[in-house]
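What follows is chain A paired twice: with chain B in the first complex and chain C in the second.
Moving on, here comes the complex of A and B:
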């Protein structure tokens, strides 16, 4: 078990290191930071002084190590737009994003998993067909189309709910539904196929044959085994809590991390983009790590393997 | 994307009606994309300031502008036709880049094993564990936006799926008689992989491409919707939705027409891909 943990930790650390390297490479490829920050018309001496001050005159691999060190110390640079630390800008947007993504996450789980299980238990029934149709719609209708259709119906035509902005809980309803419905479809599809796979196994037939009531077979034998693939998808959803609402926040002008990211990209505010990139990588890696641990708990066979 | 990709054994029974309907829609969209310049009644930047925000035919509009016009009096149908072409060209280009890149890396990993394989596997893990939208936005922020860069960037989407499949299948193929026999005859590795292994695993790779194609369409339209993809005066489906959003209350048709095309196209390609997968390779998920 310790070996399993250690391997997972090494892999998590490697992924983070890759993201940092990605940011460094992309940042350096995009041009000379001195020229970008000082503007191309700056006098040559000023640029040279800037290079010296920020260590840009050193060999690239030393710059790389310094860059790594700075990030490990939490120095993520300042926003070029208002000069505040990038990390503070991002952190103050997180509550607004979580206010959308957490209820949407709950909606996905409460809708997607039961729907998937019901569809699998009654394969080829009307329920199954409806769930699958909903699931396909869930990932073929892009969130901006779904969001705008909801606005058209509930805000413009019926006038029941606000079309955007963030005042009061009512303005959160449409974005949460938009986010939740799409994810619920994906989750229902995964749960259904995981359940179908498990229901075809010999141990399910054995349990039924020896007289265990069907409900107990489903509860004690099918569900725990079907949980393993489903947990992977849920893990990915946890990982995208911070940045999973980029498009939806834009549709509903919701002042969260996603909105900040879009504005930062449009203005090429590199420090903010980099900060969000690293934060997303951090959440994804942590979520994947947690999923791996859960695997170990759910299925003892996986502890030694891989 | 038409019937030509089906190998002979898939012809045992007729495809379900839904799949045929999907094929009809896809064929229609492809024809529209190919003949966009002949089909569009107006230029995409042709202004008709006397006919601004005209509703579609049947909702108070005229036969001259079947799907209505936008704020500047530009014909929505013409813009839709050209948008279909641009969105499809980007999606096709990107899917092709991803397939070539992924398959090459997968073959390299299968051929050299050792550290090359470890590096490829690590890259696959990295790509699979990061939300692609965030990576794409980061690259766009750092490099600014241009069409070639945008297509290349979209081409990085989904390569890991091809790489994983190509590696697994090539390793399996290397263990089989035909690859060993060709190697014994002294064929170069490039010949073994391109002339012998590739044709044997092509069906699976094509199915994988069919599955990632609609995702690329969604990604492109999402980025264009956010104003970070295809830039005006060019237009794409996502672009039109983004523009139409401003006129949601007064002229919803500007937005509804491209939305319907996006949804129907991704739906049809997904249906076709799912069906192909079930026919050709049930093990692929």
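Moving on, here comes the complex of A and C:
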């Protein structure tokens, strides 16, 4: 178990290092922050001074080493745009994002899992077909299309809800639904196929043969086994709590991390982008790690394998 | 004939319109051991899965399964649940996959004890432990907390048997209980079943493709072919004087333990697929005695004396009338 933990930690650190490196390379190859932030018409001396101030005049590999070293010391740098610490900029946006992604996550679970279970229990019935049609629609329609459709219907035509901005809980309804429906569809499909797989297993027949009522067979014998593959998908959803709303935040002008990321990328505001990516990678890695631990809890066959 | 415990009457099963069972009749008396033999796909497992309502919903089932005159097929789910595992228990071919992988085996036995005997907590655990001792699981106290993947195939089958005994059933249906096990373990499990049957007085249905296993344990044998019981007789009678051409063919394919060496004879042809059953006797296409009458309708079972019945038009004919061997 200790060996397993150590191995996972090393892998997590490597993943994060790779993400940071990748972001550095891509952002620095795709444009000069000095020119973009100062605007191309700025005098050459001003741009040179900006470059010197931010260390952009040094060779790229020195910049990389400096940058990486700073991160190892826990310094995530300052925004090139307004000079504030990048971490502060990001942290102040996180509550707004979580205000969307957490309810959306709950919506995914509360809608997707029961729908998937019902569909599997009534395979090929009308319920099954409706759930699956809804699920496919839910995850194939891109979120910006769904978002705009909802705005058109509930904000523009019916006028029941605001079309964007962050102004009270009512303005959160449409973005939460937009975010939640797609995930619910994915989860419904996964839950359904996991349940169908499990319901065909011999131990389900054994449980029925020993007189366990069908509801208890489903609850005690099918669900715990079907949870194992489903947890993987839920893990991905937890991992995207921080950055899963980039598109939806833009559609609904929601001042969260996602919009900050878009602005920062456009400005080549390296420190801010890196800071967000670090957090995203951190949540992803943590979620994956939690999923691995959960597997061990859910499936005793995997405990020995560590 | 003593009283009947379970009586299966004209049981038909089909999957997607293809018949798997074509009118099975079978009586089980209290305390008796009946063997059901046949090749895979002949319907011997399906008979009992259908009887206990364990087939998937897409299976179309008709006929009666009477337990004390009560038709299991018409019972409400709750009433059926009270019988399954309580009065009629069933164990299966592949014990490892028949146990739930995420629950400890003890818990799975306790579940049956709670359902059928109202036991809970320490009392249930003590009883589960007694059952583990009874079926010969060494170190029973610790094995209760094991998972199925931590036990061997033989141990898992013992767990399955302990679970089946939890409800103190009047009939245990053992569906190929030793097929997945190696030969020495096989013998142990069969000995265990024999001993348990003698000790508890429960009836036993042993489903097997192995004539030897059935001959060893059962007092009566039904031979199945193509979804029907083609011959049924006391074990000694069946082995000494089989009358159905299929049974004769099966026995001719067995090597003798004594006497001179001889060439084993195989039955020509193969088992018809369910979607390809002939309209009449399923065995007719492979039968040396078949006539056109055999293809006309399903032959009814006839009593040929001494609890011996056979479903064949020509069973009484001592010599084949004419040989019809399909290409």
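FYI, the second predicted complex is superposed on the first by the 259 of 306 C-alpha atoms of A that agree within 3 Å, B and C clash if a C-alpha of one lies under 4 Å from a C-alpha of the other, contacts with A are read in each partner's own complex, and residues count from 1 in each chain.
Just so it is clear, contacts are C-beta pairs under 8 Å (C-beta built on N, C-alpha and C of every residue); 3 or more make two chains touch, one makes a residue touch a chain.
Computed from a predicted model, the values in this text were never measured in an experiment.
With chain A as the common reference, the superposed partners chain B and chain C fit together side by side. After overlaying the two complexes on the shared chain, residue contacts for A:104 are found with neither chain B nor chain C.
When the two structures are aligned on the shared chain, A:224 is found in touch with chain C, with no touch to chain B. Once the two complexes are overlaid on the shared chain, A:141 sits against chain B while remaining clear of chain C.
Shared-chain residue A:214: touches chain C; no touch with chain B. With both complexes superposed, B is the one of chain B and chain C in contact with more chain A residues. Within the superposed three-chain model, A:264 lies in touch with chain B and out of touch with chain C [touch as defined at top]. In the superposition on chain A, A:298 makes contact with chain C only, while chain B stays out of contact range.
Residue contacts after overlaying the shared chain place A:206 against chain C, while chain B stays out of touching range.
Of all Cα pairs linking chain B with chain C in the superposition, the shortest spans 17 Å. Of all residues in chain B, those touching chain A in their complex are 122, 125-126, 129-131, 133-135, 137-144, 214, 218, 221-222, 225-228, 238, 241-242, 245, 248-249, 252, 255, 259, 262-263, 266-267, 270-271, 285. By the touch criterion given at the top, residues 201-203, 205-214, 220-221, 224-225, 228, 298-301 of chain A touch chain C in their complex. Contact residues on chain A toward chain B in their complex (touch as defined above): 11, 14-15, 18-19, 22-23, 26-27, 29-30, 136-137, 139-145, 148-149, 151-152, 156, 193, 239-240, 243-244, 246-247, 250-251, 261-262, 264-266, 268-270, 273-274, 276-277, 280-281, 284-285, 288.
The residues of chain C lying in touch with chain A in their complex are 49, 52-54, 77-78, 81-86, 89-90, 92, 94, 97-103, 111-112, 115-116, 147, 149, 160, 163-164, 166-167.
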